[in-house]
Amino acid sequence: MTTPTTDTSARSDGRRPDELRPVTITRRWLDAGEGSVLVEFGGTKVLCVASFTEGVPRWKKGSGQGWVTAEYAMLPRATSTRSDRESVKGRVGGRTHEISRLIGRSLRAVVDVSALGENTLVLDCDVLQADGGTRTAAITGAWVALADAVAWGQRRGAIKGSRPVLRDSVAAVSVGIVDGVPVLDLPYVEDVRAETDMNVVVTGSGLFVEVQGTAEQAPFDRRELDAMLELAAAGTTELTRLQQLALATDPAPRP
Amino acid sequence: MTTPTTDTSARSDGRRPDELRPVTITRRWLDAGEGSVLVEFGGTKVLCVASFTEGVPRWKKGSGQGWVTAEYAMLPRATSTRSDRESVKGRVGGRTHEISRLIGRSLRAVVDVSALGENTLVLDCDVLQADGGTRTAAITGAWVALADAVAWGQRRGAIKGSRPVLRDSVAAVSVGIVDGVPVLDLPYVEDVRAETDMNVVVTGSGLFVEVQGTAEQAPFDRRELDAMLELAAAGTTELTRLQQLALATDPAPRP
Amino acid sequence: MTTPTTDTSARSDGRRPDELRPVTITRRWLDAGEGSVLVEFGGTKVLCVASFTEGVPRWKKGSGQGWVTAEYAMLPRATSTRSDRESVKGRVGGRTHEISRLIGRSLRAVVDVSALGENTLVLDCDVLQADGGTRTAAITGAWVALADAVAWGQRRGAIKGSRPVLRDSVAAVSVGIVDGVPVLDLPYVEDVRAETDMNVVVTGSGLFVEVQGTAEQAPFDRRELDAMLELAAAGTTELTRLQQLALATDPAPRP
Amino acid sequence: MTTPTTDTSARSDGRRPDELRPVTITRRWLDAGEGSVLVEFGGTKVLCVASFTEGVPRWKKGSGQGWVTAEYAMLPRATSTRSDRESVKGRVGGRTHEISRLIGRSLRAVVDVSALGENTLVLDCDVLQADGGTRTAAITGAWVALADAVAWGQRRGAIKGSRPVLRDSVAAVSVGIVDGVPVLDLPYVEDVRAETDMNVVVTGSGLFVEVQGTAEQAPFDRRELDAMLELAAAGTTELTRLQQLALATDPAPRP
Amino acid sequence: MTTPTTDTSARSDGRRPDELRPVTITRRWLDAGEGSVLVEFGGTKVLCVASFTEGVPRWKKGSGQGWVTAEYAMLPRATSTRSDRESVKGRVGGRTHEISRLIGRSLRAVVDVSALGENTLVLDCDVLQADGGTRTAAITGAWVALADAVAWGQRRGAIKGSRPVLRDSVAAVSVGIVDGVPVLDLPYVEDVRAETDMNVVVTGSGLFVEVQGTAEQAPFDRRELDAMLELAAAGTTELTRLQQLALATDPAPRP
Amino acid sequence: MTTPTTDTSARSDGRRPDELRPVTITRRWLDAGEGSVLVEFGGTKVLCVASFTEGVPRWKKGSGQGWVTAEYAMLPRATSTRSDRESVKGRVGGRTHEISRLIGRSLRAVVDVSALGENTLVLDCDVLQADGGTRTAAITGAWVALADAVAWGQRRGAIKGSRPVLRDSVAAVSVGIVDGVPVLDLPYVEDVRAETDMNVVVTGSGLFVEVQGTAEQAPFDRRELDAMLELAAAGTTELTRLQQLALATDPAPRP
């Protein structure tokens, strides 16, 4: 990076290509919820609430295993123009389903459902304000809410035994190619201009959980794919650090 | 009230029967939305966002009049136990419809739709945390968001002419009879115990827009009705003052 | 009322301001239904059918208490122009939900669900012809159908014990302010012109169950509210008398 | 029929095998509706309302032809046990759709849509009480309501020209084989016991519009089919006479 | 038939009025499905798959009887112009419901549900290509798939006892009157021109299960009805032969 | 790969890890559809039909650009146990939406919508039999159907100008890690056992359109990701060859 000035000037908010937006993770944002986190990636604000209930859906009963699922939604005016509510339309759209499923899969990849026992964790990720990267912010925040809810279940004795329920942490970030330059953590203005958009979900130990790359405008070659994967690895390493910091520095857990 | 100690002891949070919970009205809580207000009545937090669009629904075209409508919803974990999302259930429940209609009617009562011209204002009231009185907080906050959105439309020139669009302000509060005592602004723990529950919507000039009293446990007599109406009148007078204060002291309007 | 001539001339059908429309309550209008009543308030005709079934919904099982609920609907051509069926639209509208909930609450206010035991009463109120006041006619007729169905359950032995199931009767009437004059029991032509519209549900002993006043055109002051409440009290006293008369004079109960 | 005594004894209500139940056709049963008929076949009561509107659905515009359609529905307690409302279930069931389509086809078979001009007739057939043969009663009553609505459209001048809109009348009746005996116009108790059930729609001039025979319990042979068709022909001849009588003797048309 | 030349010239594909289109019945078309048949009536191709599951729906439990049901659907481009998917529209249309019910009734007419025991057979009939007569092809093919699934259940021992489950076979064909001539097995081009359209379902022993005749353009008289019934009887006799041939000549049953 | 014998034995069907299942692409499988292809990847059979219509959805009108979209669905018994129809459930599931969106995006990546002009192409991909890899087979087959439909539009003159509409071809394949070994084109039995599952969409010129990797059981590292990407590159190169062969050797295009 001998010409940082040039690179920097490529981003609307003055960031370097490999720089995250300001990230904040606020735990216990609500009184309700066994874990509740407001996560912000720049202007993107997602409220992630974990609900812990004893018991599992019927088809899991007697399995000795727990269940973790997620639901993602956007408030109607999270975006610059208002969208109709899915409750009013009477059906959940394809994008919403797809992201809900992605969040659920990402969290389940790091949960030991046998150690969880027959308990259910539902993660509600509601986007209050959307400025790109809502699904990656949701995964990153939801894991922290999940960690709080698991700790709650252990203190309550609903989770039995001493095996760790969380095998690892998980975080996610978007990467893309904008004007030919691979960049990290795209806000909305970059997202719409990106030739390629990729969401990468990575564990705390650096393993991939999901790699979802889409050529929005132009198919990409192997070299570009490698550059994006490297940016994502560095970005999620930083997000992992911020998740651990949030869990370490917050005040005493809810009684 | 010669025995304030006794009366005060009747409320779980130590308030006097005629005392509101701490109320905060935070304007411009989001970047999007021509008006966006986070209103808090104690533990109840409602995000009220006004969306201004030029034009009106088909059935109003050519009338020269604008349209104001509202949609109310609750996040799944706004309450102490999680509720299923209405989008997932595929239908909006009766309570949601009823409150959405109430908010819309309350706001339309103080809007001069001819002065608004053929413009549409949609008020989204999403309950982030529910501790009783969500509909009254929503009306009180939505009016402030509406005022900001009307001002935005006037600055933009979308609202033409100099006639005032807002004929008055509007605010709402709950009253009820708990253990035989008429009380103002009920939190959830009082709401479930109340013999009677009443929501009263009042204009800034003290006129009634809606009076909705329901005998939850025992029918009530005329004397109790009068006592509740008086509490409501005093409560909405104070809420009107807080609305005006919020509009007066906030920083410069969004450009 | 020193100038009755003037007042009377204000109403399209020649009634005095404090006069009900002709009310008829016809019991056993259908062969099916443990209680079935055709109630008419002038041109408004509502068929109210009570269905008694032993057992309660799952969430009430083992409580020792019964369940009373109501569903309100309009035939498509109950009104002067045809409306689409809600079954065809695939969703029940807000107004329908709201009125169904109101009828259910009004009836439950006078039922002792413990004395009812684990039995369910569903009240179907289908508007055959609508000329204003459909919800108040529905409540008034539904209570009579309910009384017949409770008697049926007692004769069958499905309701056990000797405690009265009905603590009181309940009736409802609309009041409003039309051209500045408070009037009772508004037909459609007055309803659309009313500045304020109020539905009041009152028990046989004169206590309020619901008070729902809405400023349709102009907010109303306390004096107007009081005038409307007095008209409603007198109107429901008369409706109570007609309900008792219907129950007293009808032929022998269905075997 | 050499043994009428035996045959008669086979029917629960003492009718001869070839006898209709008492049929009444009451015109102008509602104030609204360009035609409104209460038709009764014994205990079966169907309210048939014709709504006339100028104009046609978009896909018919400019064709010079009108449109006739029908919707059939049952009130929840039309039957001996209550059924859930289709509006509440959120979907119209297969049986409802099928009967609505049958009524529409039957009426269109006798309407000259070119003579009708670009006008729409919607026939709502709501079953108030069901005791077998609801679809055949609906067709028979709907045609009378249709005739009234067509006359209304002609008086209003909405239907132009002097060509007759109705080419013929149409009526329908059920026939079946019960305990080996072909019988006409089955009430519910016979319907559930019938080996074969057939609905036959016939014009005033004796031509078939629909023949729908279903082996409910045992397939039927050609001889049985012929016997049923003869009963149906005689039954619809009588229904045609009653339709003409209703149209001839009713008071002056609605202005 | 003294003038075959004239008769033949009446049909677009050169068939005689009493001639079926080429019919093929291909068993075991899929790897899955206890019976799977591709049935072709000329250009009409329907995939009929029978799913055998042990157990019955809740309302049949303990009855000792099995359950047979069918679902019919069309692929979006089975026809010459594309139709919207019913899954996307969110509701199953009236025609689809009606045909599903017809297929189910036709099959149940020849099944001894007591001999079947508490087992369920679902017949899925998906139209891959539609050229008239899709419902009659579906019934004809579904019966063969059903026969294979019943045999599978017997080999597996899920169907107990030695009583025959199938009392008879069943097949169906369309007949109609085109340009005044009664014709058998109408392709789409004839179907749209037919004055009358009739679907007839007949057992292997020649008894009627369903007779559904509809006057599409002009009501029909008794003589025309008789001519159509005779064509249908001959056509279904031939289809019965082809069903038996398919069952007789196919390779060994699936293990 | 020094021990091919060992590797080969790892696959249930005896294939080498880098070997595709037998692939067949049958064009013009239906009479309807401007392109219709039955594509088979081993036991997976998908019917891909392209519907060409002139004109575009409202929101694209006047843009000069065309629109390409896809809908994916499964027949109820495509799998070893029957699934409920989405039309009957009244909603399209998350997985269906997600795959429909993937197919649409993959095809749009190689279409020049300006060269297409204001025409719409809908690709229906219906899975007749599912044995793993249904989405990748669908993309591979849909592109061939698309090519036929584009050629049809050009012959008809609906697509104007000489610019190529298809900038490239596109094909897709699944890869995964089963028992630690990266393998190509997974059938169902491998799919359920895979630690990681990846779908890769690649253009004819070897560029990536979509890379979707999911850790089904264990997160994967960069080395494993690279191994899977190489298998996918080789597999799609072979699929591209088969697509070109199908287009080259088929009989003359539909007139």
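Read from first to last, the chains carry the letters A, B, C, D, E and F; within each, the first residue is number 1.
By definition in this document, contacts are C-beta pairs under 8 Å (C-beta built on N, C-alpha and C of every residue); 3 or more make two chains touch, one makes a residue touch a chain.
If you're wondering where the values come from, they're calculated on a predicted model, not measured in any experiment.
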item	value
Touch-network distance, chain B to chain E, counted in steps	3
Chains contacting each of chain D and chain E, listed by label	none
Intersection of the contact lists for chain B and chain D	C
From chain A, the most remote chain by mean C-alpha position	D
Where chain B and chain F are represented by their mean Cα positions, the distance between them in whole Å	52
For chain E paired with chain F, centre-to-centre distance based on mean C-alpha positions, whole Å	33
Interchain centroid distance [CA atoms averaged], chain B/chain C, Å	29
Contacts with 2+ other chains: residues of chain F	90-92
Ring walk, chain D to chain E and onward	D, E, F, A, B, C
Residues of chain E touching chain F in the complex	30-33, 36, 43, 47, 49, 51, 53, 71, 73, 75-82, 85-92, 96, 122, 124, 126, 128-129, 131
Residue ranges of chain A in contact with chain F within the complex	91-95, 97-98, 100-101, 105, 109, 168, 198, 203, 206-215, 218-222, 225, 229
